[in-house]
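Two complexes, one shared chain (chain A), two partners (chain B, chain C).
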Partner chain A sequence: MRTCTILILLVFSLLTSGFSQEKYLCKNGHIWFYSHTPLEDIEAHNNEAASFISPTTGDLAFQVLIKSFKFKRALMEEHFNENYMESSKYPKADFKGKITNLDSVNFLKAGVYKTAVLGNLTIHNKTNKTEQNGTIEVKEGKLYLKAKFKVIPRDYDIEIPGTVRDKIAKSMEVTVDMVYEPYKK
Partner chain B sequence: MMKNIILLLTVIFLVHANAPAQDVDSLLNSATSPKTDYESATFKATRIINGHSIEQMKERQLDVRIHHRFGPVNSGPYELWGLDQSNVFFGLEYGVTDWLMLGAGRTTYEKTFNGFAKFRLWRQSRGEVNMPVAISAYAGMDLFSTKWADPSHDNYFSSRLSYIFQVYVARKFTEELSLQITPSVIHKNLVPEAIDNNDIYAIGAGGRYKVTTRISFNAEYFYVIEPTISGRARKPNSLSFGFDIETGGHVFQIILTNSLQMIERGFIGETSESWQDGGIHLGFNISRVFTL
Partner chain C sequence: MKGGMKKRYYILIAFLAALIVVGGAAAYMYFKPHKDFGSSRADYILDAKGLIQEFEADEAQANKKFVTGDKTILVSGTINEVSKSPEGNFSVVLTEGEMPGSISCSLMPQEIPRAEKLKKGGKLQVKGQCTGMQELIDKQIIMIRCVIVQQ
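Our next item is the complex of A and B:
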């Protein structure tokens, strides 16, 4: 009886600790957005996006520093931070959610899996519920997450004044490209 | 016995299940937080009003500037309170690198050409590099090109030149409030009279308060540290107020000032009108930035 319980305990603790180590972290993810109008194309890239995936629970979290978005034009970057995102007041944007079709993603087997995600996206201190689709590729112990979706500035209380309304798109195309490595505490 | 096992299992499970949830936030925070956070946009433009601000063009940015001052308000209805008169400055200013800006311009005042280099020395920052203020330096030269009053006299080309050196010490205190101190030295190769000093020392102070994200209220003052010259009345100091209005690629500054001049040699030490006497000029600066 005693050996049996010890064995169960051992197996269980190994199992749980095994699960807890099976998390994935990305520190230098690439998130960029693109705004297209007939007058002007604007894009900005952030190569310092952080993200975390927990395959056991399906938890998915993203975080970006607004100031890390780099524009081709320095003045645009300044206005983006100063006037639109107010990045000194709201320095970060984040997403917290869950993978909803966890069953159809096998994190142990190489392949590309279609993924659906549901969660809260917070930009400019405003949170909206959002549901998006993307893919997760499992390859050589790493995860590659790709997604493309639209963000409407108005939904996040980002005001675009009349003078530049023709130059800034009503909705931004956001592309997410992350590479995760196994994360061990 | 069984109870103990269950308790133990529960504890183990809880410990394992809870730990990651707690540190996902701090984990991501530490991944995205910059080591050093540099302050930006202390002022909206490279000028507070007449004088330079701590700001400069970033690499490959070209600032096309047109400044304009009307005549003094006290010139009366015949001159439409100054609006009949027009004084301009236009300049091209370019960011060679993020820390070096070169500029050249021309202004109505004594038909003067000017050229300068502005260097960013330190940025205001927090974090690994902690710097409470930003510091920049300016070295400029100008050349007046009005015809000599007395051509028969020995007139040297070098007499047309003046040199300007300034240091800008600025701090963005809050998102709204920024202040700057500007120690200045001006050397003129030629002064009108023997008792006038060739070197002028002055200290400027300026600031802005953001009223909205795109509009700020600015004020600027230059105090000339004049050595006492017997028999010479002290000239007024330059005092200006204005609003910055930013519209995408333009910054529009609308100004009230007692200085007609738009170059340092002029408004520091050669301002001749005063606010008390109504020697106030309405003016504006327009800045349009192009990325080359």
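Our next item is the complex of A and C:
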């Protein structure tokens, strides 16, 4: 009888621990940035962003390769990689943080939830603490995360030479658009 | 025509010629198209296993070899996953047996009709640009602007 109870408890704890390890993964998320300047709009898209959300802990992380950002003009892409982001030296950018209002997101119930996130954003080998808002939509077992925020190149020691400084906006608008699928270990 | 006027005339011609050359070069640079990975010769030909192993062994070295200079990489492997983005573009994940790690290949929009026919388990050979390795979820080598060479 006793061993039976222990066994049941063991199985139960295994089940719940297995459940708590559940993560939502996204391997080809869309992250893009945009800036408007009098001369021309600058826009680049990355469709290969990796990200995960852990509903139990609220952990949220993103990673992108700088080289994966695609521009309309080859020359702009070249300048972005070589002059500003120095992508051969610093090939990745990432964000690691937590959802701060985890209680107000019900991952089991369909709906759109306002989400606040706090964490560290690393670009160009420089890390800044950042707090952003977005939404998580729960729909048919998948999560859809959307967020829009500003990034100021100077905050990340990205130097823009004087000759083109006026052509590049002081801040970039970054849009995050991810679709996550559940993954159980 | 007097000598002075003639001289001024030549200066003007030279100036205009220089302007055209500089302007033309600038316009050429500015409107320079993206590299066409489909028609360019492969700098490296390898299978999924080989590419994953090179990145696993020494990421910095692999970046220098495959990523820097927008080299054309021809890679072949087994299709593990085919996915379509909300914009309608295809991404294919290539793996090698039980080996951990994968290669994510984002296909060019013109490949949509051919990509519709791709199936898990099939063989695929693509040519494109390698942009490095992501390790947030698992080791994921990224290839973009890919065209299908053989399926």
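As a convention for this text, the second predicted complex is superposed on the first by the 171 of 185 C-alpha atoms of A that agree within 3 Å, B and C clash if a C-alpha of one lies under 4 Å from a C-alpha of the other, contacts with A are read in each partner's own complex, and residues count from 1 in each chain.
Keep this in mind: a contact is a pair of C-beta atoms (placed from the backbone, for glycine too) under 8 Å apart; a residue touches a chain by one contact, two chains touch by 3 or more.
What you see is a predicted model; the values in this text were computed from it and never measured.
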Legend entry - Fit or clash - chain C, chain B, common chain A: clash
Legend entry - Touched partner set for A:V179, first chain B, second chain C, both or neither: second
Inset, instruction - Considering only the touch criterion stated at the top, classify A:E82 as touching first (chain B), second (chain C), both, or neither. - result: first
Inset, instruction - Answer with first, second, both or neither: which of chain B and chain C does A:N120 touch in the superposed model? - result: neither
Inset, instruction - Mind working out whether A:K70 is in touch with chain B, chain C, both or neither, as first, second, both or neither? - result: second
Inset, instruction - Identify the partner contact of A:P161: answer first if only chain B is touched, second if only chain C is, both if each is, neither if none is. - result: first
Inset, instruction - Answer with first, second, both or neither: which of chain B and chain C does A:N128 touch in the superposed model? - result: neither
Legend entry - Partner chain(s) touched by A:H30 [first = chain B, second = chain C, both, neither]: second
Legend entry - chain B versus chain C as contact partner of A:E48, first or second or both or neither: both
Legend entry - Residue contacts with chain A in the superposition, chain B compared against chain C: B
Inset, instruction - Tell me which partner A:D59 touches in the superposition: chain B (first), chain C (second), both or neither. - result: first
Inset, instruction - Among 24-32, 132-140, 150-158 or 258-266, indicate the stretch of chain B whose C-alpha atoms run into chain C. - result: 24-32
Inset, instruction - Using the superposition on A, tell me which residues of chain A are in contact with chain B and, in the other complex, with chain C. - result: 25, 27, 48, 50-52, 61-65, 67-68, 73-75, 88, 92, 94
Legend entry - chain C partner contacts - residues on chain A that touch it in the complex: 25, 27-28, 30, 47-48, 50-52, 61-65, 67-68, 70, 73-75, 77, 88, 91-92, 94, 177, 179
Legend entry - Sites on chain C touched by chain A in the complex: 29-35, 63-64, 67-68, 83, 85-87, 89, 91, 93, 104, 106, 129, 131-137, 140, 142, 144-145
Legend entry - Partner chain B, residues of chain A touching it in the complex: 5, 8-9, 12-13, 16-17, 19-20, 23, 25, 27, 48-52, 54, 59, 61-65, 67-68, 72-75, 78-79, 81-83, 86, 88-89, 92, 94, 161, 163-164, 167, 185
Legend entry - Residue ranges of chain B in contact with chain A within the complex: 1, 5, 8-9, 12-13, 16-17, 19-21, 24-25, 27-29, 31-34, 37, 40-41, 58-59, 61, 95, 175, 213-214, 246-249, 289, 291
